[in-house]
Amino acid sequence: MIGGLTYFVDEGWTSFWRGRGASILSLLTIAIAVFVLGLLLIVGGHARRTIDQWSRSAELSVYLADGATPDERSAVERALRAEPAVIGIDVVSKAQALARFRRDFPDLAPATAQAPDNPFPASFEVRLGASSASGAALDRLAARLATMPGVADVRFDRRWLDRLVSLGEFVRWVGFGLTAILVLAAALTVTNVVRLSMHARRDEIEIMTLVGAPMAFIRGPFVCEGMIQGGLGAVLALGALYAGMALAAPHLSAMAAGLFDLGAIRFLSWTAMAGLVAGAMAVGCLGGLVAAWRTARPR
Amino acid sequence: MIDIDGLSRRYGGAISALDDVTLHVGRGEFVFLTGPSGAGKSTLLRILIGQEVPTSGRVVVDGKDLSALKPADIQRYRRTVGFVFQDFKLVPRKTVFENVMFALRILGVPDVQQRRKTFQVLKWVGLQHRATAYPIELSGGEQQRVAIARALVNEPVLVLADEPTGNLDPDLAIEIMDLFRDMNAGGTTVLVATHDRELIRRVGRRTVALDHGRIARPA
Amino acid sequence: MIGGLTYFVDEGWTSFWRGRGASILSLLTIAIAVFVLGLLLIVGGHARRTIDQWSRSAELSVYLADGATPDERSAVERALRAEPAVIGIDVVSKAQALARFRRDFPDLAPATAQAPDNPFPASFEVRLGASSASGAALDRLAARLATMPGVADVRFDRRWLDRLVSLGEFVRWVGFGLTAILVLAAALTVTNVVRLSMHARRDEIEIMTLVGAPMAFIRGPFVCEGMIQGGLGAVLALGALYAGMALAAPHLSAMAAGLFDLGAIRFLSWTAMAGLVAGAMAVGCLGGLVAAWRTARPR
Amino acid sequence: MIDIDGLSRRYGGAISALDDVTLHVGRGEFVFLTGPSGAGKSTLLRILIGQEVPTSGRVVVDGKDLSALKPADIQRYRRTVGFVFQDFKLVPRKTVFENVMFALRILGVPDVQQRRKTFQVLKWVGLQHRATAYPIELSGGEQQRVAIARALVNEPVLVLADEPTGNLDPDLAIEIMDLFRDMNAGGTTVLVATHDRELIRRVGRRTVALDHGRIARPA
């Protein structure tokens, strides 16, 4: 078995190397698929992170009744902290709210001074992180908060939040769809390329068959060749992607400066890279298998 | 060794390459198969290694009914037969040495023996100096000799040769026939399809003539 | 020449048809490239339109001084209408502003009643459409408006607007980049596939060369075959895309319901489709040319 | 017609397929080229259609110095030569009829004449009934005859045939040689490489023997 494996790898490599010209082409085709896939993963990752960041600035305000007791206040605060979508809470007292109003509407400041009481309620200003469930969950949270003792009113800017959440969802779906299509495309392309290269070598396969070589002897090297092409193609693509990103990064950063707050542009994680290489090899292997099974038959 | 009984092979409906051929070749025999172009010689030989299936009739080789063999068994059977193809059928991406050695490799012969035996057979056909060449770099006659070397290297129990001297000069043709005769003397059954009357005359063995798919001169 | 063309097309088609098995594979590869490209175009178009729509709800407010004359008001209005980014203007009078405040802050309503004058300014509320230039242009507009006689204050929500503009820009760039890469990928893939299929038929090419066929005679049919593959592949891809969209549309609409306001999901325009088919044929033709030139040489 | 002067062809450095060959073939001559396997016969013929270039020496055919021809001129020159390849070189994706007609098509012969002439030549070689078959469906000898038909169909001024009867039975070989002789009688220069001493003896024309790349028996 070990001898057989060595034979397959040996023959696969020799065949790859002797047919360099055509092999490089198949390799390039796989590389392109992996490149596009990798790019998509990177862009998708950044897009999701950006949207998360933006939606983190979405706010929910809980206005407290003037007569709210400290117990009621802390019950509300506890309810807020229990909600996973809540990522930050600012406490605004009645005095702070008044000061803010005076700052925002200086013309009205005299009017508020005349008012018998401070008419502005104290509030919790809550920063929310987006998650796919948060739309409905927040609706529930808001409804629950509104009925809690000591709470005068609950407001939050659903409009932007919903948009961001749905944008995030949309990006995820589109990304998922595109990725699925690309993986399919890559698999089909590799199969096609391997089949074409087997087609180009069907004489060789026919000859080996007629001489009595066991089917595994004929197919094994082709499968190995597919894996070699897939693996090398993926490595090539990742290298090109890395180089391309390194070149494009300053430009992109300048474009996004201040707006996106992406931090450094991140390359694929090691696991993602390993996954892509392994996937490409698997696809190459599959291509080789399919091709070998369809082309190499005893009769 | 070979028992052919009522063998026919039709292509489409119109073309009948073999028509009710019955032929017996005993173990250790040396038989020439002759006949004009298109008589069905190659078709008969192709059927004998399972490359083609009969339209009707029975073919038994070495006790095995070929039409009853499973794919893996056909491959195993082919490894016991040495076949010289009319169009050589060398693997273009393997060197001369690799082309010949391949026949030993698939038998699982140890590596060192593979090399020794391959080199020896290449010497028999006078091509040891071209071992590292690719088929495309060889002359027609040299390619033919590689095909012959590949057929003989694994010391098969049956040698089937289709026009093995068509690209060789008469002297070389006789030398190659001597090789076949040596194999035959060692117990190998040999069936050679050829046009070369001179060669048949000089080797002087049993001859079976085909014409339009029928046995013309049974022996 | 006409005879030559007929010969090329005839031979190209015959060759395509006799080699159906392998041809279908090349065709599929091209189809995949066109499919992904078309999908990207559709998604990109919708994304841009959505972002445009969202940013249409961005607002700029111009507060007027209480003493502004009708001439000054109309000067401001003219300045606003002259700005291409402005897509709608609502006029809010002092009385309307007061009414709105009373509605929003019922607790404070008595206080405003006590105030000697209506303290709220009249304003123009301006809806803005996003365009790549609008960020800087709007800054300039705001500055200019602020110095105009009769204007008390200018405010606009730069934060969201900028984000949307830059998101739009980003989507455009990423789309552009992905499209460029995909076109390159498609061209390379097609070239590879055509070269592989020529490689598979290099014997044929060699033979025709040795028999003395003029180079154009040998290459022409391959070029035609490439074009046929490209054209059929593109048509197939568009068909699949259309079918896929028709199947996915209800699902997508449900997902986006109310949020995106996409209207009906739109397929590619006829010009875009024609462009894709023509492009695929051009790529196929190019692939054939490159392949033919590299494989078919007199010696 | 053919003027070869001091022609050598080396492969790598070690292998010398042709070594200082000087040969003159007059217009309208019929010459046999013979010699053992690997002597350089095919190499010489390949050089004569520009498939290979000499390492040194001069080759002039019909007044044209082959090494001076531009690619398009080589193609034009090849159209005036009929070549029978030792390995046939039929286009596998064209039928027998198309394979032969192709040689007329590239000359720009009107369509109707292409068909008439193609059919006629297929009849000469006895293959009119196989016109719609693909090469792979033919026997070795049939393929060889298609190759011969293609070489003769455009009535070339020069016919070069590399082992054109290696896969034919003796009777058919003589018939094919008669075709070549008829062409020759019409003014075509013919150069045939062959091992078949019997054939040479029966046709009885000038014979040039090569051995290890050198002319062994100049004539």
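A, B, C and D label the chains in the order they appear, each numbered from 1.
Heads up, the rule we're going with is that a residue touches a chain if its C-beta (ideal position, glycine included) is under 8 Å from a C-beta of that chain, and two chains touch if they have at least 3 such contacts.
Keep in mind that what you see is a predicted model, and the values were worked out from it rather than measured.
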Neighbouring chains common to chain B and chain D, by label: none
Rounded Å distance between chain A and chain D, as computed from the means of their C-alpha atoms: 66
Whole-Å gap separating chain B and chain C, where each centre is the average of the chain's CA atoms: 66
Distance between the centres, which are taken as Cα means, of chain C and chain A, whole angstrom: 22
Chain A-chain B separation of Cα centroids, rounded to whole Å: 62
Interface hub residues of chain C, defined as touching at least two other chains: none
Category of the chain touch graph - line, ring, star, complete, other: ring
Interchain contacts, given as pairs of chains that touch: A-B, A-C, B-D, C-D
Parts of chain C lying in touch with chain D, wherever the complex brings them together: 7, 15, 18-19, 201, 203-204, 206-215, 217, 297-299
Residues of chain B touching chain D in the complex: 11, 34-38, 41-43, 86-87, 137, 139-142, 144-145, 162-163, 166-172, 195, 197-198
Residues of chain B touching chain A in the complex: 49-51, 53, 71-72, 74-81, 83, 85, 89-93, 102-103, 105-106, 150
Residues of chain A touching chain C in the complex: 21-22, 25-26, 28-29, 32-33, 35-36, 39-40, 43, 54, 105, 107-108, 110-112, 114-115, 119, 160, 162-163, 166, 169-170, 173-174, 177-178, 181-182, 184-185, 188-189, 191-193, 195-197, 199-200, 255-256, 259-260
